[in-house]
């Protein structure tokens, strides 16, 4: 419906809505998160649901412990390589439409623990992330902000046309391959169909090389 | 929309529950609690074999939050490890700071000014208050009290976090203590605010206790459940409130007299039965003792330097040698074992995690009790996965 | 407007307002062809029940979320609509449009049937609940019996759900649910037997009518007799267990078995479980109102002008609020404690209550009858209660302190 | 009882036992007792059960990895150079084989004293890395010895349940060893600095194709 017309109608006390808007309105106002905490950020996530910050105001206090009944996965904390397969599996078990908030530096990129053998360098290597929220850990206000950002994102989704969301397309998967434990690392170390390095980072602009790093062979 | 109906293979359930396969041959049911489970405090996993609802075997599985903390600390400087210690037991970052600073001070032979010692005691006891309150809240949550006690506990926790934020700039990850002192001095008005919070705290405790302590369902769920005999507790290396709930008088604040704890008048509450109720009550009583210490410390503290001027913060290179320092963290004995080889990085950096070692006796406490009790017993051990797996 | 409706509306207002739904129904039916009139009348009643209690379900979900929020020092949903009043609609839209997942190894037919059966059974029992004067779908002579018989189908539905999902947690939840519901059905039925003894009828309508009238300002509800009071308390405890509400929410105990028997259900089927559970709670509260709280009768003599169905729903909402309050306050029992409580406390108390009711029935009215009945209720209660506490050695403890 | 006395008591109580004192240069003054592998278990049992020591609480167990070290020293040697005897500087390299070490911190809860630091050493770092397990004596060592096994690769004989604890079972390396090479996944570093920058550069040099896009 024409936006202008709608505004005029609403000024005259007539609220016109479309199926698309109703659907998006319902989805965005009833986002039930999965009870799923990984590390430090989980405590801040709990604090967000508690009395002072009260995520329930947005209709999101129904933390469902079973992934089958959840809409949103808040990856709150460090995803280790041992945990990554389970995170992907949980994501696969959630019904569409489903959303992911990567909460905190660790979930985004490994954060302070990125150098090392056992921490996954970002959960978006395996599952698609809707909202990234930086911080170590992010404050509850930041999580609420991420939540509102997600709501806005849902609200803006068109249900037809090329830009329609993943769960309405036939050519996009709703499940993603689960990595397996290897002898030295996870196999595979990333999901190449999902994870692309932004052009900025792959650009041949040299990193500030201090020494002539030949590296290992 | 692609249906996940077809694609959801049995393997897809493994991480969640290992739950699709039911063994028809035996009457025993093997289930896996975790790593994603509402009451495992994060990503802990217990492989439980059930006979009906009775636990006949329980094996903890760790490592889902192994963040190679020790490896990182060995490849960085002494100072740069302090933020990492915050993230060990992320409920009580200030206690972790203190334990690490204490160990480094032992390693390098540094002295701490008096004011800094007072600030450390105040910070550590505030940490203990909020940790114990949240632990009890989580315990009630595990008993199925739909969040109300947890909400009340977190309401008080937020007040203490406000103090931390005013002092250190961060709610949870304080990164506050330094070798030979503390990072910054108390901001103006902080002491008054802290005194106010401390004075109001007993009201919350009274309210909490009157709501919980004589609730018959709570008594029935906790008394005589998960009994830990004192011999087994010592043998299993259990420390902290769990050990004292079993009746063993061992509080490192009294034994080692680290910091300035000998100046304060406080007692160590001891349990007799070593069951879940005792562990819950000991935490309640310890909070009251912490309030006593806080009350004394907040009134005795005097102005002065907060860090030893001789202590080198940058380019810190202790002499070769080793040291093991430990404190009584809210969870038990938190120790750091450091070896210096004279370089800016520690050669070996080891955390003695109380949470991990307290789990040694988990199976003994749970065997023969029901699944519901297992969750409650596990809740009273009070673990934080960041510390268990590091 | 037809003559019938016109006449009725012109009558004195209490009658008209009280019977408004019946009048509207008659008016609509009178326009239908003669052959379809009876069918249409039934359909209309069914639509009214489904719509009315469906709406009550929506109201209860928001009431529960707001109420729990209040108990816990927070606001609860307040962003959608006026004070969050549109929250249930958003939840409904979301649930309806969610993907439906059936595990590959599940028994697909049973998996599908379980929530449907649950909701059907929950709705069926409303047929015998008198929600207002003359407002009952069928006045069965064995109404209470019908209620319990159909109500038991929910147990089958729960077990079907738990078993067909092929998940160990759901199986555990189903086992817990079956054990709990069957155990608590015994005190539930025994405690309602007292009312059946007193009224000599199984018809819900007759039971409500027997509770009409007042002695001075005290209504003739069975709640205001010693056996009725004890029966009501026992009934409500058993009802809490029957509808899997806290502190008896073991079959879905979140902290232990995650979501219990409906762990594998998603989308609309999950919403059906939610609906079925709440409907079961309303139905059993409705029966408690019918049996003990005087049904649709007004509580005070000077309030009889208020339409009868409003009284029914007011009492229902009161009981719902009590359910929510209990949920926000109490921790959960353990399975063996639950069973002990059912068989060692609830069952003897319910049996003794039958004797009390009989004594009450055969003694001449007067203070002696009250005294004897109260003694018959209070003494076994204290004895049994003390026995329970004593056996499990529950006590407040004293702690020693080391220097 | 100081370390010297404990040493002599052990020597007296257990025939063949020869503990050594390892001194510690730091101001902490926590010197330690090195037990030989053969008698370590009996000695530990003695330490726990001796009524005066009564070390009933094993607080901390950890592993250490000492790499092979090469020390070079200059030695003056007389040599025939062009028929003339001359004193010549020669660099002699002595290679000390590395070893793995398990360190136990023992306390007494009953007597409230401690710590006594006990060390055990393996012969080398690769093939002979067996040590006796102290888990039968102090159960608190159970998970910690498993951790040392997982991260350092010391095999504790007599441990009831020696499996990997932190890493997954299929994992083959021992990551806390000093020569461990971590998996290389530094494809994308938006703000590299310090050690991460070094590793990102190494990664870039190793992979000629634009990183991340292939595979």
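Chains here go by letter, A, B, C and D, matching the order in which they are written, and residues are numbered from 1 within each.
Assume a residue touches a chain if its C-beta (ideal position, glycine included) is under 8 Å from a C-beta of that chain, and two chains touch if they have at least 3 such contacts.
Predicted, not measured: the structure shown is a model, and the values here were computed from it.
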**Contact-richer chain pair (by C-beta pairs counted) among B-C and B-D** = B-C
**Complete:** So, in whole Å, the Cα centroid of subunit C is separated from that of subunit D by 66
**Prompt:** Roughly how many whole angstrom separate the Cα centroids of subunit A and subunit D?
**Reply:** 42
**Euclidean distance of C-alpha centroids - subunit B vs subunit D, Å** = 28
**Request:** Mark out which residues of subunit D touch at least two other chains, giving numbers and ranges.
**Result:** 166-168, 175, 195
**Interface hub residues of subunit B, defined as touching at least two other chains** = 1, 3-4, 8, 13, 37-38, 63, 66, 68, 71, 75, 151, 155, 389
**Asked** Of all residues in subunit A, which are in touch with two or more distinct other chains?
**Response** 35, 50-51, 65, 82, 93, 95-96, 115-118, 167, 174
**Prompt:** Mind giving me all the chain pairs that touch?
**Reply:** A-B, A-C, A-D, B-C, B-D
**Prompt:** Okay, in this complex, where on subunit B does subunit C touch?
**Reply:** 1, 3-6, 8-10, 13, 17-20, 22, 29, 31, 37-39, 50, 53, 140-148, 151-152, 155, 213-221, 223-224, 249, 251, 254, 267-273, 277-278, 281-282, 285, 370-373, 375
**Fill in**
Given the complex, residues on subunit A that touch subunit C span 22-23, 25-31, 35, 50-51, 54, 56-59, 61-62, 64-66, 68-69, 71, 93, 95-97, 167, 174
**subunit B partner contacts - residues on subunit A that touch it in the complex** = 35-40, 42-44, 46-47, 50-52, 65, 67, 77-78, 80, 82-83, 85-86, 89-90, 92-93, 95-96, 112-113, 115-119, 136-137, 139, 167-170, 172-175, 178
**Prompt:** Tell me, which parts of subunit B touch subunit D in their complex?
**Reply:** 62-63, 66, 68, 70-71, 75-76, 106-109, 234-238, 248, 250, 255, 318-326, 333, 335, 337, 339-340, 348, 350, 352, 356-357, 359-361, 389
**In the complex, subunit A residues that touch subunit D** = 81-82, 109, 114-118, 121-122, 181-185, 188-190, 192, 195-197, 200-202, 207-209, 213-217
